[in-house]
Amino acid sequence: MSEAQNLDNKNQLDTATEAGISRLTPEKIKKVVDCVIKRETGVRFETYMQTCIHCGLCSEACHFYLSHDNDPHYSPAGKIKQTIWELIKRKGNVDRDFIRRAVRIAHTECNLCKRCALYCPFGIDIAYMMLVMRRILHKLAVTPLYIQDTAHSHSVTMNQMWVKGDEWVDTVQWQEEEAQDEIYNLRIPLEKHGSEIMYSVIAPEPKFQAQLIYQAAIIMNTAGIDWTMPAGVGWDNSDMAMYTGDNEIMGRVKRAHFEAASRLKVKKIVMGECGHAYRSVADMGNRWLGWSMPPVPVVHAIEFYYDLLKSGKIKIAKKYEKPVTLHDPCNVVRGAGLHEKARYVANQLCDKVVEMIPNREHNYCCGAGGGVINCGPAFKLSRTEGNSVKAEQLFNAKSRGAMTLIAPCHNCHSGLHDIVHHYEVGLELKFFSDIIYECMEKPEDK
Amino acid sequence: MNVIYQFVAGPLAWAAFILFLSGIFLRMIQLFVKVNQPEKFLLHYFSLRYGLRSIIRWLTPFATTNWRKHPVFTVVTFIFHGCLLITPVFLSGHVVLIDEAWSLSWWTLPDGLADLMTLIVIGSCVFFGIRRIVRPEVRFVTDASDFILLVIVAAPFITGFLAYNQWFGATWMTIAHMLSGQILLAAIPFTRLNHIILFFFSRAYMGSEFGKVRHARDW
Amino acid sequence: MTDKSAWDWDKGDKTIDTTGWSAQYKWVEELHAAPDGQTLAAVVNVDQGEFTVCVNATSWEKTFDKIWHLRFLNDGRLTALVSAMGQWTVAVDGSCWDNTFGFVWNPLFSNNGKHIAVAVQRDMRYCMALNDESWKTDFANMTYFALSPDGSKTAACVQVKDADSGQIQKFQKGTFTAAIDGKPWEQTFVNVWHLAISPDNRHLAAEVRLNLYDYTIAVDAKPWEQIYQSVWEPVFHPADGSVTAPVKSDGKWHMARDGKIIWNRGFVQLWRQRFSPDGSKLAAIVAPKFGRWTVAVDQELWAVSAKQMVTDLAFSPDSSKIAALFKSGGYWKIAVDGDLWSRKFDRVFTPVFSSDGRSLAAKVETKGKYTLVVNGKLWQQSCDMIWDPVFSPDGDKILIRFMKDGIYHRRIELTSNISG
């Protein structure tokens, strides 16, 4: 926490990033900027640069702007002005202080949530512009320490948390054994060729939240799903390299994921409750690889639960009693339109669902997404303080009775956890799978 | 003076139109040539249905969340844009000129209405200018070019209004009107005024992405 | 390859009834059929935390705390990864390797089925073990494993310099390298992926990242002089020792051999390149345009393409034909030498050529039922489960292994009976 406080000083980043910045020369900066802008951007970038009429209408879309008392430094166009516009105007002739500010803005003051794309009359994609900025920062080797380390982990292990090959299998088998206490013949089939479904997760599950694998196993077994998990690389669907601008590693990690599915000959991939992973698999990673749509259909957990409940494969023994409110994760709502399905699932599981305001496509981001939480504890305070409007939104739902907050996304979960604590909102956080596990009918033991 | 008038009304007018049209044409060519490099997927997701859905939605006042959030701005911008487009095209003075030159004519605005619309455009530009100064979030992203653009837009309307109402030296005013109109035309393809055209492309792209790929609304 | 001529190729049908198995055990896991079709095996649970393998209704003598990755080898032996008393090892036909380990995973088998390699962890150090013999050296981390086709050499990407998580500077100086038979290269790299061992077992090639941005191929620790925006896995030529890999430069993927671009055009994507067994042809899966996939053979594109994906590119053993699977609109088709077979399926599994290349067969699925497609024609049986078909050495007959109503069948059919 002490680290968090002193690094919250605007003029300083973590030591590793500062070291990176101290190595920069004006020539190097200019060279990288020219190279990225010339070789990697095209019509989209130019159109956004030329079209933006400087009207400021996007401002109120952004939770950072709203949470900082409408400080224009945090408005979407304001952040682009301080980064990309300036870079282009000065033809890449900027100094280290500029880069330091750009790191902070691009990596910690924008969640790439795309809410502003719904507010700009021209549909200018600020998140894309921020990614261009991050790509430049990546090429300058000044990506914040924590998320850079995560990108390294992806590059070595194809997973987010340096989970080694044996640790992964061992954890899955351990959860299988644990869950067999509940359903005696339960299985988590590893490397089962020709299954219908490959289930993939993000590395924090085996690392810290193994109970989520346990719960998934109970759900899969109860619903009688023909499923498998890969024992080799590709089991992890997450991708922080996507957010550091290391597109080459992003593509490599996504290829490993799809090739695991292809090797196992499954019909589709079902993924756990994670939003950014969905974006990486079904939006950005596939495109980098040349697949216009995911070559193996990718089903997000929300949609999967929807199908299970709708088809009666999972039955609810007793509905969850406490009133819940539902957070719409950016990446699967603005990113995949799963909001109505999420509501169906919530209503099937729970007695009472209290809507947040705003909701669906207009929900506020949790503040953690887009790799912001992955920049580490140094930026935790600025992240939570940068999202007081989320806290207000939660308080409002609470005032209308909500006691439990469902966040069907890992990043949202962690981000909301921090907000709930920082502002003492007093809501209990759950994944859908927590509630399904709690409320579903389970098979009788032999 | 006659010489100057002839020059502005003749060659310069042609030059402005040529710049305007060829500028737009070149921009379009550039857009279509470059659309596939280096981002090869841009055209791939294009959807006429969702592109139009988005364009129509955003061209309808109060049909989007953000238009509703800013009622005054929305009213002003829609009326402004309407007047901006309609007034010069249907102004009787303009139609008469075209009729004389090419024997082409169409419906024209009653002069009183045309005057009013001209004043609306000028008033809107003042409104936008003031907005740029008083609203911190707009001021922050504003630079000198934005005011210059407003002047470029307002100038033909101001001078036209003055010339028509015979204030100050009418001929000089007419020359100033023609000149400023030509500057506006020529500026469109080369300044942020090309949002006139690019709007349809950026909107169609976002509309397609949201409708076809993301299954979500973009308003 | 294994000698299939000694197998029973007499036309007919043998069955094994598995309906009693579930009563015999608490549960029965996935069934595996031997390559010759004579045995059927599964991991079974005998009691809580007690597993064995059931082979043709008879259990292995030993039981284990846990068994996974049960597979038949090409020579017909049955292998699995097993654990007892917290230690893991490899079991073959019921008997275990002498060595035990903290963990074993990622088993690799030689083509003839005689050699087994696994990745092992012992006391949180990592190495490979081949036929019950581990490397003399072990490493802090190990990723990407390889076994030479003849089964005599093992290789892996290993971490040779310490860098704790969070030490990004150290990591970026290079902490990984490749090791063959436990001997690491001297050079280190930021990353090393996808190893290939040459057919003569004398060379090792890998994808490497030199810093965060520059990629190339390293052969025996020596990087190619050219650097690229990215690279994919290298392969050795079957005879001349050259190394070929897809490389990305100027935003496009190109085919490169020993650092020189050999195909005259670039692609949106290019991977899974394969040489014909005789080394005369080079084929790869390519995306000539965004969202369009096909096969390129010596840089010539097939006329057919798929919108979703192309997989399972393979040459016939006699090098005469090439097959691949094409997926469009959610359905799979088989393509041979640039022609798509007309039938489409929910799923097609890896196609199998006869050794003379005259016939091609594959396991296919339609609406949850399985059958075979042989030279474009369907076998008129619909099964609950079917294994990949096996051709007789002369290609005239097909061994079909399938399940119907709990009964396993081993059937020999004349190829011509199905393909007409």
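Letters A, B and C mark the chains as written, and numbering starts fresh at 1 in each.
Here is the rule we use: a residue touches a chain if its C-beta (ideal position, glycine included) is under 8 Å from a C-beta of that chain, and two chains touch if they have at least 3 such contacts.
Just so it is clear, the model here is predicted, and its values are computed rather than measured.
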item: Contact graph of the chains (line, ring, star, complete, other); value: complete
item: Chain pair with more C-beta contacts, B-C versus A-B; value: A-B
item: Mean-CA-position distance for chain C and chain A (Å); value: 32
item: Chain A-chain B separation of Cα centroids, rounded to whole Å; value: 40
item: Chain B and chain C: spacing of chain centres that average the CA atoms, whole Å; value: 61
item: Shared interface positions of chain B, touching two or more other chains; value: 37-38, 40-41, 44
item: Of all residues in chain A, the ones touching two or more other chains; value: 39-40, 287, 290, 292-293
item: Residues within chain C bordering two or more other chains; value: 251, 268, 290-291
item: Touching residues (chain side chain A, partner chain B) in the complex; value: 39-44, 46-48, 50-57, 59-61, 65, 70, 72-73, 75, 77-78, 81, 117-125, 283, 287, 290, 292-293, 333-337, 339, 361-362
item: Partner chain A, residues of chain C touching it in the complex; value: 26-27, 29-30, 45, 48-49, 66, 68-69, 102-103, 105-106, 119, 121, 126, 141-143, 159, 165-166, 168-169, 171-172, 176, 190-191, 193, 209, 212-213, 215, 229-230, 250-251, 268-269, 287, 290-291, 293, 307-309, 311, 327, 330, 346-347, 349-350
item: Sites on chain B touched by chain A in the complex; value: 31, 34-35, 37-42, 44-45, 54, 58, 64-66, 69-70, 73, 132, 135-143, 146, 192, 194-195, 198-199, 201-203, 205-207, 210, 213-219
item: For the chain A and chain C complex, residues of the former touching the latter; value: 16, 19, 39-40, 138-139, 141, 145-146, 148-149, 152-153, 155-157, 162, 164-166, 169-170, 173, 177, 180, 184-185, 187, 189-192, 194, 231-233, 246, 248, 251-252, 262, 265, 267, 287, 289-293, 295-297, 446
item: Of all residues in chain C, those that touch chain B in their complex; value: 251, 268, 289-291
